[in-house]
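The following blocks contain the structures, represented as structure tokens.
Two complexes come next, and they have one chain in common, subunit A, joined by subunit B in the first and subunit C in the second.
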Partner chain A sequence: MDVGPLPQLIVSGILTGLLFALISVGLTLIFGVMDVVNFAHGEFLMLAMYATFGLGLIGLNPILALPVVVVAMFVLGALVYRFFVKRLLAGPPEAVVFGTFGLLVFLQGAAQFFFTSDYRSVLNPPFSGTLHLGGIAIGEAQLAAGLGALVLIAAIFGFVEYTEPGRALRALSEDRVAAQLMGIDVQRMNAFAFGLGIACTGAAGALLMLTYQAYPRIGTEFALTAFVVVALGGFGSVHGVLLGALLVGLVEVLGGYYIAPALKMLPVYALYLAVVFLRPQGLLGRR
Partner chain B sequence: MTNSTPLIAVRDLEVDYAGVRAVQGLSLYASRGEIVALVGANGAGKSTLLRAISGIVRAASGAIAFEGENIASFEPHTIVRRGISHVPEGRRVFATATVRDNLLLGAYVMRDRAERERRLAAALATFPRLQERLDQRASTLSGGEQQMLAIARGTMSAPKLLMLDEPSLGIAPLVIPAIYAGIREIARSGTTVLLVEQNVREALAIADRGYVLQTGRVVAEGTGADLAGDPLVQKAFLGL
Partner chain C sequence: MTVQRHVAVMACVLAATALFTAFCHDQFLLSLAFTGLIFAVLGQSWNWISGYAGQVSFGHALFFGTGAYASALFATHHGSPWLALACGAAVAVVLALLVGFPCFALRGHYFSIATIAVAAIAEIVVVNTDALGKANGFELPILPPGLASLQFAGKAPYVLVALVLFAAAQIATVALEHSRTGYYLRAIRANQEAAASVGVDARAVKVTAFAGAAAFAALAGSLYAQQTLFVDAESTLGLSVSIAIALVGVVGGIGTVWGPPLGAFVYTFLARYVAALYGGHGRGFDLLLYGALILAIVSVQPEGIAGIARRFRART
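Moving on, here comes the complex of A and B:
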């Protein structure tokens, strides 16, 4: 039986899905710990992509730039929490929605202003070849980005599951009051979680620059997918994100091929609607 | 009464909860090593008092002196570090975490790994049923076992004061003696216990002293035996 391009598409879908997972795990972490839907998540990704581009100008390729960008985005995230989100949380519930949405508009506008709307790609891509494995052709850059994302997702899972700060994050996401009674400093852990969530966009941004170009609106495209992934997997569920992201990656790639490239997101949203109707808490969500 | 300062002394405390002044000018104290029972009907302000002591809700006025220091404006995590542990109403164990992770979270403020292991061993000795469930998720435990876990978790930070809110509420009657035996053992090891209960008979039997609360005020106090023999208490709470 001739399966045609199917194996190729599946590999491509999985690699795409892994990058979605890395972006989305940051979003779900922030939501899980402090109930904040970070509408500006994609804009942090955009900033990370520009940062990677900038580091390329001084000779660091995206892989070498990744640790620098991750640390910088962690610090930025913790500061944004400390001086912005923390204040929003002290206000009415709508404040967080409008506040992070405002941040999206601000960051996107600032990027338009400072970076213009030109597309920027790294000048020194470390991977440019194509691997042929049993009839499947994979771009080395795409493979490196996917595998890099996989390693980092595994590291985040391990951190959340097996370390003491990870335990505290889980406790906070499950019962904030009980966590406080354990002696967990909520404000400090919120800042840490926000930093961690934004650091995920830092890592994803650096990896994306292996294959994508940076422009001011790129964040919105990925963020939309990340919201679908998180809702699909179950808001706040770290494991659900991986499942949701792989599903979205596969459906998007298969849909793009079998339907039409311009309509590749159509089956993704159809799947999303189906899950929302049949299982509103997401595939692995609780409550 | 001893002439040393009490471990905790609450003075003229006023606390609002859910838009109501739930605690109204309340004063009480507990000395080191005592078991002090707080009894009273629903809405008497018992849980609100514990929440104010642990910093989950802010007192409107009054003082909470712990080891001579007014902690009324402290953050909850600071209060835990000072040595106060609050086992809240409804247990509130971390359901998706394992029993072991729940216990280790109880020792969150404890930096010394060896000391944490010692506390874990002590907690498991007090409630041996948790030993065989260490790697199970807390959600798989029965209500009584979850209560044991909540109390054991509360002891993991080696508190000077352990506050228990309704430890027998909704627990199968068969399991209650094991829970109370555990509370007695914790008190014997030197921990001061503030025990909120609707199960008045059980609470007064175990307590050195007790307070009867009504609409946010203390309306009677005395030794556990005195209160249990008080006609008012008997009529209102013991159905005699």
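Moving on, here comes the complex of A and C:
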């Protein structure tokens, strides 16, 4: 039987999904620890992509730029928590939604104003060839981005699972009050989690620049996908994210091919609605 | 505020806008006033559900777009614009019921993201449907000016028509505030479980308010289409429109009668006028300014501009 382009699409969907997972794991970490849905998540990703582009101008390719961008985004995230999100948490419940949404608008406007709406791609991409594996053609850049994302996701899982700060993060998302009573400094851990979540967009942004171009509105596209991923996996569930992201990656790539490229986001949104209506706790989430 | 005070403020705003329209001959300023009034109605209708009931929607453009497309379809098929207003509102109400019923089972961010998804689906469907003009949209045919065609030679009559809709939205909001539904909405925002425990059918109340809000947003969309004579998916259904509507409400102050109009005034002044002076559209200066304003308001004065006014009144 001729399966046509299916294997090719599946590989492409999985590689795309891994990048979604890296972005979404940051979103779900922030949500799990402090109950904040960061509507500006995609805009941080956009900033990271511009930062990678900027480092490319001084000769660093995206892979070399990655650690720099990750550290910078971590610091930025921690500062945004310390000087902005912390205030929102003290306000009325809608303040967090409106506040991070305002951040989205502000960052997008700033990018458009300072960087213009032009598309920017790195001038010195380190990978440009194509690998042929048993009839499947994979762009080296896409493969590097996907594998890079996989390594980093594994590192984050390991960190959350096996280290002391990781345990503190998990404790906070399980039961904030109890964690506090056990001597965990909530404000410090919140800032740390926010920084870590934003650092994930930093890593993803650097990897994305291997294959994508940066422009001011790119964040919204990825953020919407990340919301779907996080809802699928269950808000706050780190493991659910990987499953959700691979599903969404496959749905997007297969939908784009078998339905129509213009309609590729349609099944993704439909999937979100189906999940929240039928299984609001997500595929792996707890009630 | 008491009803008498609302009436007094209303009379002043109406008189001021009417006077401005009568004596202003600058077409740019008049079109800004029109935009401001349309956004006031949009922000106000959004406020019903996202302010009073606390269910933050980022998909309100769905209903605005419904009205705009109703006008575009009727105009290109030689229908009366008045019929378009009625049909657009009716379709918006049906959509609100269809969308609202499942979505209002969701809470918090689940609801907010669902509204984004629903509006995005609508936009994708429109952009891929021939009968709805695909991504090109519609240019409405230019008809002899007059009330029958709802097209006018200058901008001033448009402002007056929008003023009528604005007045209706304000009156409806005051009526809502003092109605049983209005109290229920605020009770739901404060504590849905407590409201439900005393017999408030939260979902039915929210869907009712949602349907009313949808009708007003659709009427605003129809008037907008009559004025710009161009309708496409991005400018009427896009996420950026939904964002603008929500921001108008947040800046002005959610859950208040005069917050959204204040927010709309600030929005049109900042986003359109100042941005036109410095750099114009497309450079994002409007978003930058507006985003900064939101950040300042949310972190310093979560009740919006109306909250500042209230605080000031409380002091005097």
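In this text, the second predicted complex is superposed on the first by the 287 of 287 C-alpha atoms of A that agree within 3 Å, B and C clash if a C-alpha of one lies under 4 Å from a C-alpha of the other, contacts with A are read in each partner's own complex, and residues count from 1 in each chain.
The rule we apply is simple: a contact is a pair of C-beta atoms (placed from the backbone, for glycine too) under 8 Å apart; a residue touches a chain by one contact, two chains touch by 3 or more.
Given the structure is predicted, the values throughout are model-derived calculations rather than measurements.
Q: Quick one: classify A:L224 as touching subunit B (first), subunit C (second), both or neither.
A: second
Q: Counting residues of subunit A touched by each partner, does subunit B or subunit C come out ahead?
A: When the residues of subunit A touched by each partner are counted, C comes out ahead.
Q: Between subunit B and subunit C, whom does A:A274 touch in the aligned arrangement: first, second, both, or neither?
A: neither
Q: Touch check for A:F113: first (subunit B), second (subunit C), both, or neither?
A: It touches subunit C, and subunit B stays clear.
Q: With the two complexes superposed on chain A, say which partner A:L133 touches: subunit B (first), subunit C (second), both, or neither.
A: A:L133 sits against neither subunit B nor subunit C.
Q: Have a look at where A:A154 lands relative to subunit B and subunit C in the superposition and call it first, second, both or neither.
A: neither
Q: Which holds for A:A168: it touches subunit B only (first), subunit C only (second), both, or neither?
A: A:A168: touches subunit B, not subunit C.
Q: Now for A:P92: first (subunit B), second (subunit C), both, or neither, which partner does it touch?
A: second
Q: Which residues of subunit B touch subunit A once you look at their complex with the stated criterion?
A: Per the touch definition, subunit B meets subunit A at residues 54-56, 75-77, 80-81, 85-86, 88, 92-97, 101, 104-106, 108-109, 153, 157.
Q: How about subunit A: which of its residues touch subunit C in the complex?
A: Going through subunit A, the ones touching subunit C are 37, 84, 87-88, 91-95, 97-99, 101-113, 116-117, 216, 220, 224, 227-228, 231, 235, 260, 262-263, 265-266, 269-270, 272-273, 276-277, 280.
Q: Could you pull out which subunit A residues touch subunit B in their complex?
A: Interface residues on subunit A, with respect to subunit B: 164, 167-168, 170-171, 174-175, 177-186, 286.
Q: Flag every residue of subunit C that touches subunit A in the complex, lowest number first.
A: 54, 56, 58, 102, 105-106, 108-110, 112-114, 116-118, 120-121, 124-125, 127-128, 239, 243, 246-247, 250, 254, 279, 282-292, 294-295, 297-299, 302
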